[in-house]
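What follows is a group of structures, each given as C-alpha cells.
Two complexes, one shared chain (chain A), two partners (chain B, chain C).
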Partner chain A sequence: MKPMRSLLASAAVLALTGTGALAERGSDGQVNILYWQAVSILNPYLSGGTKETHASSVVLEPLVHYDPDGNMVPILVDEIPTVENGGVSEDLKSITWKLKEGILWSDGTPLTAEDVVFSGEYCTHPEGGCSSASFFTDVESFEALDDLTVKITFSVAKPFPYGPFVGAEVPILQKAQFKDCMGAKAPECTEQNFYPIGTGPFVVKEFKANDTIVYEANPNYRDPAKPAFQTVLFKGGGDAASAARAVLETGEFDYAWNLQVEPEILSQMAAAGKGEVMSSFGTNVERLMVNLTAVDPSLGPDLRSVYADGTNPHPFLSDPAVRRALSLAIDRDIIVEIGYGAAGKVTCNVLPAPEIYASTANDWCKTQDVAKANQLLDEAGWVRGSDGIREKDGVRLSILFQTSTNSVRQGTQALIKQMWAEIGVETELRNIEAAVFFGGDQSSPDTFQKFMSDIEMYTNNFPGTDPEQYMANWACTEIPGPNNQWLGDNVPRFCDPAYDALVQELAVTAGLDARAEIAKKLNDMLMDFGAMIPLVHRGNVSARSLTLGGVAMTSWDSEIWNIADWYRIK
Partner chain B sequence: MTEAVNGSSTARPTREKQRSLWGDVWIQFRAHRGAMVGVVVFTVIVLAVVFGPMIHTVDPTYADYRARNVSPSLDHPFGTDNLGRDMFAQVLAGGRVTLAVGFTAMAITITLGTLIGMLAGYFRRLDGVLMRMTDMFLALPQIPLLLVIMLVFRDSLRSLFGPEAGIFLLIVFVIGITTWMQTARIVRGEVLAIKEREFVLAAKSIGTREHRILLRHILPNVLSPIMVSATIGIANAIITESALSFLGLGFPPDFPTWGRLVVDGKDFMDLTPARVIWPGLAISLTVLSVNFIGDGLRDALDPRIRGR
Partner chain C sequence: MLRYAIRRLLIAIPTLIVISFVIFAVLDLAPNDPTGNLPLTIDAETRAKIREAMGLDEPFHIRYAAWLNQFFINEPLNIIEKSFDTCFGSTCQWEAVRVPRAEHWAGVEVHEVSDRLRIRSWGTRSEVVDLIVERAPQTLKVVGLAYVVAIMIALPIGILSAIYQYSWFDQIGTFVSMVGFSVPTFFTGLVLIVVFSTMIPEDSMFWLPSVYDTTHEVTDWDSFVYQVRQMAMPVAVLGLFNAAQISRYMRASMLENLNLDYVRTARAKGMKERVVILVHVLRNSLIPVVTVIAIGIPATLAGAIITEQIFRINGIGALLITGIQGADIPLVQTITFIFAVLIVFFNLIADLIYGILDPRIRYD
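Showing the complex of A and B:
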C-alpha cells in the first residue's frame, strides 16, 4: 500500500511540476466561452448585469476576489486589511489597502493608488448613475497616502468594510483612460467602455456589442507564465438549452454559463461524455413574492399595487392565515426534484447562505402539510364554495400568479397551481417575457417591480457575503411606487417599523456573530410574516468541457474570476 | 321494354334540370383524390378533438409526479411530459383551442380581406382610400403591434370575459386584423380584371344592381384565390398563436395549445420525442388537409377546370 501511495504522490507532483514547467503564456491556443445572454458593455459600473460583470472581469480586476467558498482572495493587494493587522481602524471608520508592487496596466504603465482613488470617485460621482453605487455606501473619502497605499474613510463605523473594490462589480479602472468620463459623460465614452485597459490576464481585441468579444493574452500580466490561453472567444446569445448542448454534446464551446434547464435534459446531455455540469451555491433563492397591496384593475394607476401608507391592503393576502396556508401547501421537494435536480435545495429562508446567516427557525415549511393548511383556512373563516374555491365575505381566494418565461418556471407554476387547488385556492397563471419582466421599463405594467398580480416568482440574491444591504431591501422606504419611479427593492410592499429598526441596528453592529444574529432575526421576521414564500435555494449551474482545467466556479463573484489559471487538459 | 326506354329517356332531362352549381362543385370535388383524403383526415382530427376528451377522460393539466417522462402506454397513449401530465389529453385539449383560434381568425381575415378587396376593386371612388389603408396596415410591424394591443386590452377583456375567453377573443381579433391585407390585395386584383369582362357588362346593361353584380357575378369568380388565402390563413393563425404563447402573451402557460406543446417539448426532443411529434404532426396534418381541401374547392369552383 505504502509504495503505491508514494508512487501516486510522486506522479501527482510530476504532473503538477510538469504543467508548471511546460506552461508558457499563450501556449494553449483559444478558449471558447458561451453566455446565452450577450454582453452589451465592458464596464461593470455602467451595467448591473451579471453577464457584463463576468465579461469585464477577464480584463478588469478588483483588489480582492471571492473564491468558491466565499473566502476573500487578494488579487491586487498582498493581504486583506483587518483590525488585527492594523489595516482597519479601531473605530471601524477607515480601511487602508496596500497595493502589490510592480503591477502594470496592459499598456505598460504602472498601477498606482491614484487609479484606485479615481475608480472610487468615478462610481460615487453624483451624476454618474453608477450601478455598483451600493458598494460605496457611507464612503466619505478616498485618499492616496502614497503610490501604493489607499485609505477609504467611512462616515459611520463599518463593521464590514469590504464593500469598495471587493468583487468583480467594483474593479479598478485606469485613471489615464477614464479621466474624461466622469459623471454624466460616463455612458458617452464608447471607446473606454468597450475597450477598457485593465490589469487582468487578457485585453480586449475586438468587441461587438450584444454579440462576440475576442480577448488576447495581456503581454504585461504580472505572472509571466499566465494566462495559458492566447485568446478567449466570448460569444453571447441563444438560450440555456442550446448553450448546454454546445458544451456537453457537441463540444463547440469550453464553458457555458447559467444553464437553467430541466435536470433530466442536462444529465442526458452530459451522458455524451464531452463535458461536465457544475453547480455552486451562493445566495440565490427562487421565491414567491406576496403582494400585500390590492391590485384590482379597477383601482386605477394611482392605487393599483401601490402601498399608499398601508391604506390599500390586499383583499385576502393581507390575512396571515392565507399566507401561511399557501406556504404550507407547497411540496418543495417535488419542485426541486422536477425543476432543479442537483442545482437546487429546499429552503425556508430568503437568506440561505453563508452558513452562519442561515436560520433554522422556519423549517416547518420543509414538509408539505395540506391538512394543517386547510385547517388554518377553516379557522380563519374561509369556507369552500360550491366550486371548491374558498371565499369569505364575497372575496374569493383567486390568485393571479406571474413569472418570467422559462420552461422550468412554467413547470413550477403548474405544480404550485395544483398544490394550491388542494386547499381551495384558484390560480391563474401568466408568464411574461424575461426582457420585459426584468427590464424595469417605466411604461410597461409587466415589470416585477410594478407587480400587477397577486403572486410573482423570481430569483434574487446579493453580491459578496455580507447581507446588510440585502436585508435592507425590505425596509418601508424601499417600497416601489409611482413616487420613486417604481425603483424600490421591497417588492412585497412589506412595512414594519420593528424591522426597520433592526436594519438600522445591523448597520452599526460589529462582530460577525452579533451580525449573524440580527440578520437571522430579520430573515425570520420576513418568513414569519409571510411577505415572501421561499421555494428553492438555487445553485448556479454552468458547464465546462472535460478538456478545460483550472475552473473554480464561484457564486460569490464573477464565475470566471480565475480565468488566468485556466488551461487545456491534454 | 320500349316503355322502359321511354321512361328513362324522359327521366334524364328532368335530372339534368336539377343540376345546381353546388351539385356540380360537389361532383368535381369528389373526383379530387387529395381533397377527399384531406376531408377524411380533417374530419378525423375534428371528431377526435371534439369527442376525444369524453372518452379519454384524463385531466390534461393534472400533474402526476410519479409518472414523469413516461413512454407511451395504455394509460398514457402519447406518454407524459416532465411534470407527469398526460400528453394525449393535452394534444386533444390543445387541438380544441388551436382549431378554434385557427378557424375564427381565418374567418375574420377572409371576411375583412374579401370585403375590402371587392369594394376597392369594384368602386373606383373607394379604391384609393381602401388601398392606402391596406398599405398602412401592411407597413405596421406585426409583432410589436400585437404586443401593444395585448398590453392595452388584456386586463379589461380579462375582467369582462375571464382569462381564457378574454385572451381567445383578443388573439383571434389581433391575428385577424393584422393578416387580411394580402387577401384584400389579391381579391382587388382579380376583381379589377373580372369587372371589365363581358358578362359583367351584360349584367350591368340589363340593370342589375351593384350588390347583385358583386355577389352573384364577381364573388363566385374570385372564390378560388379566397379559398387559397383561407387555407394559408389557418396555418398562419396557428403559427402566430404559438409565437404569441412563446412570448408569454398568448394563453396562460398551463392552457395547452398545439403551438405551445411543441415549444415546451422542444428541449425534451431526445428524451421523450412523443412530446413534439404528436402536436407537430397534428399541426402539419391539419394545415396540410385544409390546404388540400382548399385546393379541391378551388378546382371544383373554377368552371373552366370543372368537368375536365
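Showing the complex of A and C:
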C-alpha cells in the first residue's frame, strides 16, 4: 500500500462521510442496529465470530481500519509505516507504529504503547485460545520504544507486515483492565469480556449476552463533535428475513446485517420505500472444489480421498478435459440471478479482489458453452452410454456432489445437476449440516477437509487484503490427510512444484505491484488447471434505513467500522 | 400423601441422574464442533487451541464428572452464598459480580478467583446459570402471561361449549380451537406481524412492534403502555395455541360428567342448574384438566422457543437455540437438564393435585 494512496483515500472517506456530522456529540438520539445472530461476547480475541468482531468494533479500535475499497485508514496512528517512510525496516523484519498523540481510553487514562504491546502478548499467549492468533504469525516480539512508539519484530521477512493490529479482529485492549486475564484466565474475566474499555466512539452501558447491547457515546472520544448518536441499541436474534423486514418494511431498526434472503423477497421488501439494500464485495468466492484423489468407498481409510504422493488419482476428475467441461457447462448468470441477486457477481477467479489482484485471463468461464464442453468430452474419448451418461473404459461420469445445508446452496446444487446432465454427467446431491461440514470433528467423515465426495461447494475468503497466506493454501504441504489429522487447506489435493516455487517467491517479494503480478499468476495456474471451479463472487448484503447517513459498508473490516461518522438524515 | 411425595422425590433423583447422563452422552456423541461456525479464515491450528482452552481435550468421563460437580454442588452453593450473603471456603466467587460497574471501568478492582468452578458457556465465556437468570424474566413474563390468559379464556369457553353442546357457540368454539391447535405459531406470528407492524402505519394506535425490546423498563404509564403493546402479539399467539388445547380438554371432561348419574340425582333433588354445573360438574371435570395444565407448564416453557425466536423475545428458548447453533454444549446441556427437572417436578405436582381434588384417590 503506497502511503499517498491510502492517505488520500482516507481523506476522501472522511470528507464524504463527515459532512452530516457537524452537529454536536449525541445530538441525534439513538440508532438501532439489528444482527439476527446475537452477540455472545465483546472481546473479539475470544470469539472469532463476525458478529462479535463487529459489535466490539464500536468500542475497541485497531491501529488501522480498512475502508470499502480495501485501503488502509489510520485510526490510532497518524500514518501507515512503509519502507519508504522508514516505518518498515529494510530487511522487512520489523515495523514501527507511532500512536497518535492525546488519545484517551473511555475511562480518561491515556492510550500508550504499553497497551499495544499488552494486546499482542494477550493474543499470542499459548493457553489463551485466541482466535485472532493467525494475525500474529511469525511475530517474534512486541516492544514499546517510548510512550507512543511500538516496534513489532518478525522472525522472517514480512513483505506485507500489516497483520498485527490492522482490522477489527485485532484491536487494542486496555492493559490496566485486562492485565489479570492472560492465558488460561482469559475466559474467566466475564466482566472484562462483556464491558471492555476502549478508545472507540461508544462505551458499553449494558450487555445482555446473546441478546442486546446498549452503548453510550464515549465522553472522552478524540473528536469532540462525534459520535452524532447518543446511544446505540444493538439487538440480536431471530432470522434474516424478519431482520430485513424490521428495516425495510416496519422501519423499527436503522441497520440490519447479513441479509441472506432470497433476492426476490428482499426487493419486494425494499419496495416499501423505508430503507435501502446495500452490498459490498470482499474476497468471498463460492466455488466447487474438485477432488483430484480417488474417493471410492472400497479404498479403505488409508487411501480414500488421500493424496498418497500422487499415486491415488481420481478416476475421471484427474482428466483436464473433464474439469474444463464441467466448468464450461455451468451458466453462472442464472446461479447469481436465482440464488444471490445483489449479493453476488459472476467470477472466474478464486482471488477476485482487491482490484489489483483480479485476473482477467480466465474470463472464458463467464459464458456457458455446452457445445464446447460436449466437444471436449467427445475428443477425450468419453462417449455417451445407452442412458446418456458418458463413460470410458468402464468409468462412468457419475459425480457425488456435497455441500452444507443451506437453501441457496441446495438451489445451486439442483441447477448445476441439471446443467451437467446436458453434457452427459450424472450427479448425486448430498447436503451436510454446516456445524458438521465445517467442524473439525476427527471422527466425522463428513467434514469439508476429509472431502469424501467428488465435488464439494462452499465459500472461502481471506482476512485483510493481502492474499499471500490464502494463495499458499494450495501448496503441496497443505494437502489434508491422515498424516496431519486432516488439517490442511489444500482441499482439492492440488500439487504442482512450479506453484509451490511461486508461493515461495511471493513470500519474499515486497512492493504491491510485484506482489499482485505473482498472486495473479498463482490464481491463473489454479484456474487453468481446474483444481477449483469458481462460481460466484459473494458480497455481503445489509440494509439501512433511508434516515441513516454516513454508512460506509466494507467487506474488508467490521461493517460498522465508521459508526462514529453515522448521523440521522433530517 | 406426604410419604408418597417423599418417595416420589427420592425416585426422581436417580431418574434425573440417568437423564443428565443421556443428555451429556447424546450431545457428546453428536458430530458437533464449537469452532465449526467460525469464519474459515481462522486456521485449524488456532481452532485446536480454542477447543483446548474450552477443555474439550479432556476425556468424556472427566468432563461429565466435572459437569455433575459444577451443576449439583458448585452452582447450588453459589446460589446459597448469593442469597444469604455468606461465604463457604476462603474466597467468594460472586464478589466480582457485586462490585458496581463504574469501579470496573476504572480498572482498579482485583478479585481473587476461587477454585469453585462454575458451568461456563463456550459462546459467551460467562456463567451459564447467570445467563439463565438474566433470561428467565422475559420468558416468564411473556410465556407465563400467555399461559394464564390461555387458561382464563379456555375454561369458560370449554364449560359453555359443553353446556350448550352443538349450539352456534359450540360450533364456533370448536372451529377456533381447531384453527388455534393446528396452525403453527410461526405462521400465526408472521400473520400478526404483517398485519399489525407492516400494514398498519406506525403512528396508528393499533400499530404493534415486531421486535421485543428486552432493555425496556416500566417506569411510568407510557412505558407501561409500550410494554403491553410489545407483549400483545406474542401473548396472543401463544395464548391462542394453548387456549385451543385446554378448552378442548375442558369441554370433553364436562360432557363426560354431565351425563352421569350424580348429576341427574342433583337435579332431581331440585338444585338450581347453576349449582349443579359450578359445584358438582365443574369440580369433577376439573380433575383431568388441572393435570393437563400442570404438565403443560414445562412443555410451554420449552415450546415457546419458536415464538421467542419470531418476536426476538430472547428468553430461555432463544438462548437454547443460540446454544444449539453455536454448539455451546455446556449451555445446551444445562438448559435441557433444567427442562427435564421441570418436567419431572410438574408431573409430581400434577399427581399431588389429583389427590387433593379427588378425595377418592389415595396414594398410601
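Quick note on the criterion: the second predicted complex is superposed on the first by the 506 of 570 C-alpha atoms of A that agree within 3 Å, B and C clash if a C-alpha of one lies under 4 Å from a C-alpha of the other, contacts with A are read in each partner's own complex, and residues count from 1 in each chain.
Basically, contacts are C-beta pairs under 8 Å (C-beta built on N, C-alpha and C of every residue); 3 or more make two chains touch, one makes a residue touch a chain.
As the structure is a prediction and not an experimental result, all values here were calculated from the model.
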As a test of reading the superposition: which chain, chain B or chain C, is in touch with more residues of chain A?
C
Which holds for A:253: it touches chain B only (first), chain C only (second), both, or neither?
second
Just chain B (first), just chain C (second), both, or neither: which does A:127 touch?
second
Given the touch rule stated above, what does A:268 touch, chain B (first), chain C (second), both, or neither?
first
After lining up the shared chain so the two structures overlap, which partner does A:157 touch, if you call chain B first and chain C second: first, second, both or neither?
neither
Which partner chains sit in contact with A:444 here, chain B, chain C, both or neither? Use first/second/both/neither.
both
Where chain B and chain C land on the same part of chain A: residues 436, 444, 446
In the complex with chain A, residue positions of chain B that touch it
61-63, 65, 68-69, 82-83, 85, 151, 155-156, 158-159, 163, 246-249, 252-254, 264, 267-268, 270-271
Residues on chain A engaged by chain B in the complex (per definition of touch)
241, 261-262, 264-265, 268, 297-298, 334, 338, 404-405, 407, 410-411, 413-415, 417-418, 428-433, 436, 444-446, 452
Residues of chain C that touch chain A when the two form their complex:
31-33, 35-54, 96-97, 101, 104-107, 110, 113, 120-121, 123-127, 131, 134-135, 193, 197-198, 202, 209-211, 213-215, 309-310, 312, 314, 318-319, 322, 325-327
Parts of chain A lying in touch with chain C, wherever the complex brings them together
34, 37-38, 40-41, 43, 46-50, 106-107, 109, 126-131, 133-134, 174, 176-177, 180, 184-188, 190-195, 197, 206, 208-212, 214, 233, 235-239, 242, 245-246, 249-253, 272, 434-441, 443-444, 446, 458-463, 487-489
